[in-house]
Amino acid sequence: MGSKVTTMREAVAELVRDGDTVAIEGFTHLICFAAGHEIIRQRRRDLTLARMTPDVIYDQMIGAGVARKLIFSWLGNPGVGSLHAVRRRIEDHDPEPLEIEEYSHFGMVCRYVAGASNLPFFPIRSYYESDIPNVNPNIRTMVSPYEDATEVAVVPPLRPDVTVVACQRATQDGDAQIWGLLGCQKEAAFAAERVIVVCEEVVEGSVVRRDPNRTIIPGVVVDAVVEQPFSCHPSFAQGYYDRDNAFYLKWDQIAREPETFEAWLKEWVYDLETHADYLEKMGADHWESLKPEPAMSGEVDYGRYA
Amino acid sequence: MSVAADLGYSKNEIMIAASARGLAGAKNCFVGVGLPNIVCNLAQRTVAPDLQLVYESGVFGARPERLPLSIGDPTLVSGSTAVTSMFELFAYYLQAGLIDVAFLGGAQIDRFGNLNTTVIGDYAKPKVRLPGSGGACEIAIHARQILVIMRQAPRSFVEKLHFRTSPGHSGDPEHDRARGWWGSGPTSVVTDLGTYGFDEATGEMTLLTLHPGVTLDQVRESMGWDPRVSPDLGQTPAPTQDELRLIRDELDPDGTYTK
Amino acid sequence: MGSKVTTMREAVAELVRDGDTVAIEGFTHLICFAAGHEIIRQRRRDLTLARMTPDVIYDQMIGAGVARKLIFSWLGNPGVGSLHAVRRRIEDHDPEPLEIEEYSHFGMVCRYVAGASNLPFFPIRSYYESDIPNVNPNIRTMVSPYEDATEVAVVPPLRPDVTVVACQRATQDGDAQIWGLLGCQKEAAFAAERVIVVCEEVVEGSVVRRDPNRTIIPGVVVDAVVEQPFSCHPSFAQGYYDRDNAFYLKWDQIAREPETFEAWLKEWVYDLETHADYLEKMGADHWESLKPEPAMSGEVDYGRYA
Amino acid sequence: MSVAADLGYSKNEIMIAASARGLAGAKNCFVGVGLPNIVCNLAQRTVAPDLQLVYESGVFGARPERLPLSIGDPTLVSGSTAVTSMFELFAYYLQAGLIDVAFLGGAQIDRFGNLNTTVIGDYAKPKVRLPGSGGACEIAIHARQILVIMRQAPRSFVEKLHFRTSPGHSGDPEHDRARGWWGSGPTSVVTDLGTYGFDEATGEMTLLTLHPGVTLDQVRESMGWDPRVSPDLGQTPAPTQDELRLIRDELDPDGTYTK
């Protein structure tokens, strides 16, 4: 197989199309901001954005006008507060309305699992006596065909056109390894029509083959591999860099007013050509300051069976 | 200004101390950030030494080297005993009934402990768009016990929710939680004014204790319905010196959550 | 928490009861023969044995009379042939009939997943036009409540009273780490009322804490931890020892006749007190011969966030 | 005695060579042990260099350092690119339609490629209890293409199965595989006497080629129904010297599966 390694610009240009349903997943960990910025930069439109926890990157994308709809389960700037740009669109239709389809966390996870498993529905014990199903007709109920006749809620499969998954390392074939929080990266990738893997480093196949249990997403479902250090800033990559909490706090101020929001987008996205420019602009010291001391995993022995 | 200012501790500090005592004997606890995180860590060091912190992000047996800034802080992962996917966390742990106790809060709560974290105003074009459920809906249904920590005010303790995100008690004993739910629903509410339980029969929130220096009138003025009051209404024990030392020196030295 | 470490004898005596549904799982890898032998030795009766791939250990247990029923998806001596003791009971009711309840592999896996998830049923796209549902009324059908109205099969949850899981290493609290083939060990453990973890080595908590993503089963669901090297022989433990293929071939001969079967059980189970005796009887050279050369995984960095 | 003995290769060797050619261009292949394992490895070295071996045990990109003795051989794990749980293997790969081709066999096959791996005789008290489905039922439904390798005899190529473990073609074009299955069902059968395809319209097994030295009468004598024969019945190309060298020197030096 030929290498799948490409640039973020090419990956987005080739694989993300106007009107697509796009999932940039990651539960606080490995949220690929660089992909979101490139999608803004290429001015994609009418996207349906899916994500369990829309946070700052979706505030940026939705405020920038790439999306007409949002599918989610928790909306906010984690540990800080609101997403002001998203709220302007929902509360004030400013500059235009945003269609929303909301679930609970488990509902979103199970939509990805159903999508990844080619199941027409997925049963969960949730939404009892909640108003959520009243505002989301996709949440339905079924009764167990067994003696208990238990009533459960069901959610439909979610099959993104494109899922973007960030990971610590991947091969040129797209075999991706992740450690630390896993979120629903694997499920979202398997559920998708097209998958972009963005890694801190592209490694030799031999590195992955030494520890196959660490592989979360196999190359077989991956279309493009982008090597992009710090692609998740201000989110984090376990063992590579820390969450830039100061930025999350700062974003709360930036996003409060459309003017400051637009100014930030111009300075940090539109006026830059690539994420490399973003890294350079923020300065080497900043990146150094986010690097943790090492905490090594130790090795296990798979044994050589020859 | 803080009603408890002159008592040598803050509103948050007595909320934390009172909530921590509510964890006595608990084992597997679903933890959020902020106050609940401090509460759990205080309980671990006092009334619940066996308390296992389970983070919604999928981390077990965390040993954070710093105060976590979010439930997904990398410091929770390094040195923990296990990390799991979100699917397994919600399916194999929460839905399977392994979570003994969890914390919930919200913008609005009603007399039966139903919570609104979705919208203020009309859903279609809300006055305030709130975060939504997150895991709250499943937590409210499956965690064996639910502890609520909220400051109380007429706009948050309301007669009628604008949206019911996660179910409390229905108020109908026949129907209430009668569908194989693991959870027994909200079991206590700790506010800046007092502590509440829920009536076995009616599932209604019932004032159990007033914090030192707080009057029943203050409580009544701070909520949207006339609260049920326990016949043997008591006073919340003030935070002990030991509790305050742990909170101030160990758990939140910068006073991020406790000022 | 106090340590959960105990002996196999105590673990089986305390946790495995006559009439229980018992699952000793492991897909070719980490099949805990030592637990099966102890259950035979303690002469448990009327067990319902569940397992995706009943193999030699279940042939031994079922031939020894511990079980009245078998729930499974593939029955055989992998790579060799039949399970003669099981076949005698099914084909000739010799010495007594064996009740069976059979599924496909995916059906069995999903029964464990439903059990682990507290779901009343689990949907799968299988059994279409197969005779399996005709002989197993637990396999039913449901129709998707969404527009596609797809018909799927459903299976009920499987909740063993006891699941035995072998792993390479565990802490005294039962946090178990596995690498290599995972089978459905995790699902079977979470689905069970009681869990016995049998490990090659009990390790310090610090070993597990250095690599938390490697933990497959958390101590919270574990009742007993048994440290028992080579507990899976003639099956294998990745990195610790190889499959003893010669034994699987030999078993085909041993199990053909009730006499040779009984003689083997007497010599290798009843006349021995513990698995340690079994190891000693087989001889140190044999165990040496099964050990692979090392093939180390390499380390990853989790980072220290202080 | 082997009909092909005088031709310089064994029955298994021509079955392997003919089957391997059937994998030309295939990508993700579900592999079992024994013959299919040799077939896949031969195809990888000849007509299908991009063939990815996916083992039912949950291993991807295996690079075995020895001939695996079972689909769960530890040599398949060490040096592979990924290991997954059985749930994910069946749900995310097979049921999701990622498997292009798989091998099946059985004790009995009928003219529509339905297979029996469950019982000979009555289910309740069978004459011979066979292994059962394993993954065969799901593989038959979801793998895009199914290759069957079986020696043929009247007792195995039967008019009526004793039990239908995994579905082939129904024989009814209206109904056949009309429920969102990924798989197109059995696409070829390779026996020790010849190779078969399946008729588009009727789904019936159709003799395409006879192995060198095999007559149509021999084929008819070895099956329980009168087989459909392709109008342009041809001869199976004999294994090439290169194929035989690979099989004998590299893939099965001990002749475990090919004698």
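A, B, C and D are the chain letters, set down in written order, and residue numbers restart from 1 in every chain.
Definition applied: contacts are C-beta pairs under 8 Å (C-beta built on N, C-alpha and C of every residue); 3 or more make two chains touch, one makes a residue touch a chain.
What you see is a predicted model, and the numbers here were worked out from it, not measured in a lab.
Trainee: Using the contact definition given at the top, which chains are in touch with both chain A and chain C?
Mentor: Where chain A and chain C share a partner, that partner set is B, D.
Trainee: So using the touch definition from the top, which pair is joined by more C-beta contacts, B-C or A-B?
Mentor: Here the pair linked by more C-beta pairs in contact is A-B.
Trainee: Taking each chain's centre as its mean C-alpha position, how far apart are chain B and chain D in Å?
Mentor: The computed centroid separation for chain B versus chain D comes out at 59 Å.
Trainee: Which integer distance in Å separates the CA centroid of chain A from that of chain D?
Mentor: 41
Trainee: Centroid of chain A to centroid of chain B, CA atoms only: how many Å?
Mentor: Taking the mean C-alpha position of each chain, the two centres sit 29 Å apart.
Trainee: Give me the residues of chain D that touch two or more other chains.
Mentor: As it turns out, chain D has residues touching two or more other chains at 59, 73-74, 77-79, 83-84, 91, 95.
Trainee: So which bits of chain A are touching at least two other chains?
Mentor: In chain A, residues 113, 118-119, 124-125, 148, 150, 179-180, 182, 186, 210, 213, 238, 242, 292, 295, 302-306 touch at least two other chains, as defined above.
Trainee: Answer with line, ring, star, complete or other to describe the graph linking chains that touch.
Mentor: Graph shape here is other: it fits none of the named patterns.
Trainee: Pairs of chains that touch, anyone?
Mentor: A-B, A-C, A-D, B-C, C-D
Trainee: Show me the residue ranges of chain A that touch chain D in the complex, using the header's touch definition.
Mentor: On the chain A side, the touching residues are 1, 113, 116-119, 171, 173, 175, 186, 190, 205, 208-210, 212-213, 215, 218-221, 302-306.
Trainee: For the complex, give me every residue of chain B touching chain A.
Mentor: 33-34, 56-59, 69-74, 77-79, 83-87, 90-91, 94-95, 114, 118, 123, 125-138, 141-142, 163-167, 170, 179-181
Trainee: Mind listing the chain A positions that touch chain C in their complex?
Mentor: So the residues of chain A in touch with chain C come to 118-125, 140-142, 144-146, 148, 150, 152, 154, 156, 168, 177, 179-180, 182, 207, 210-211, 213-214, 238-240, 242, 292-306.
Trainee: Tell me, which parts of chain A touch chain B in their complex?
Mentor: Residues in contact with chain B: 27-29, 52-53, 72-76, 78-79, 82, 86-87, 90-91, 93, 102-106, 109-110, 113, 124-132, 135, 148, 150-151, 179-184, 186-187, 236, 238, 242-243, 245, 292, 295.
Trainee: Show which residues of chain D lie in contact with chain A when the two form their complex.
Mentor: These residues of chain D touch chain A: 28, 50, 52, 59-61, 63-66, 73-75, 77-84, 88, 91-92, 95-98, 182.
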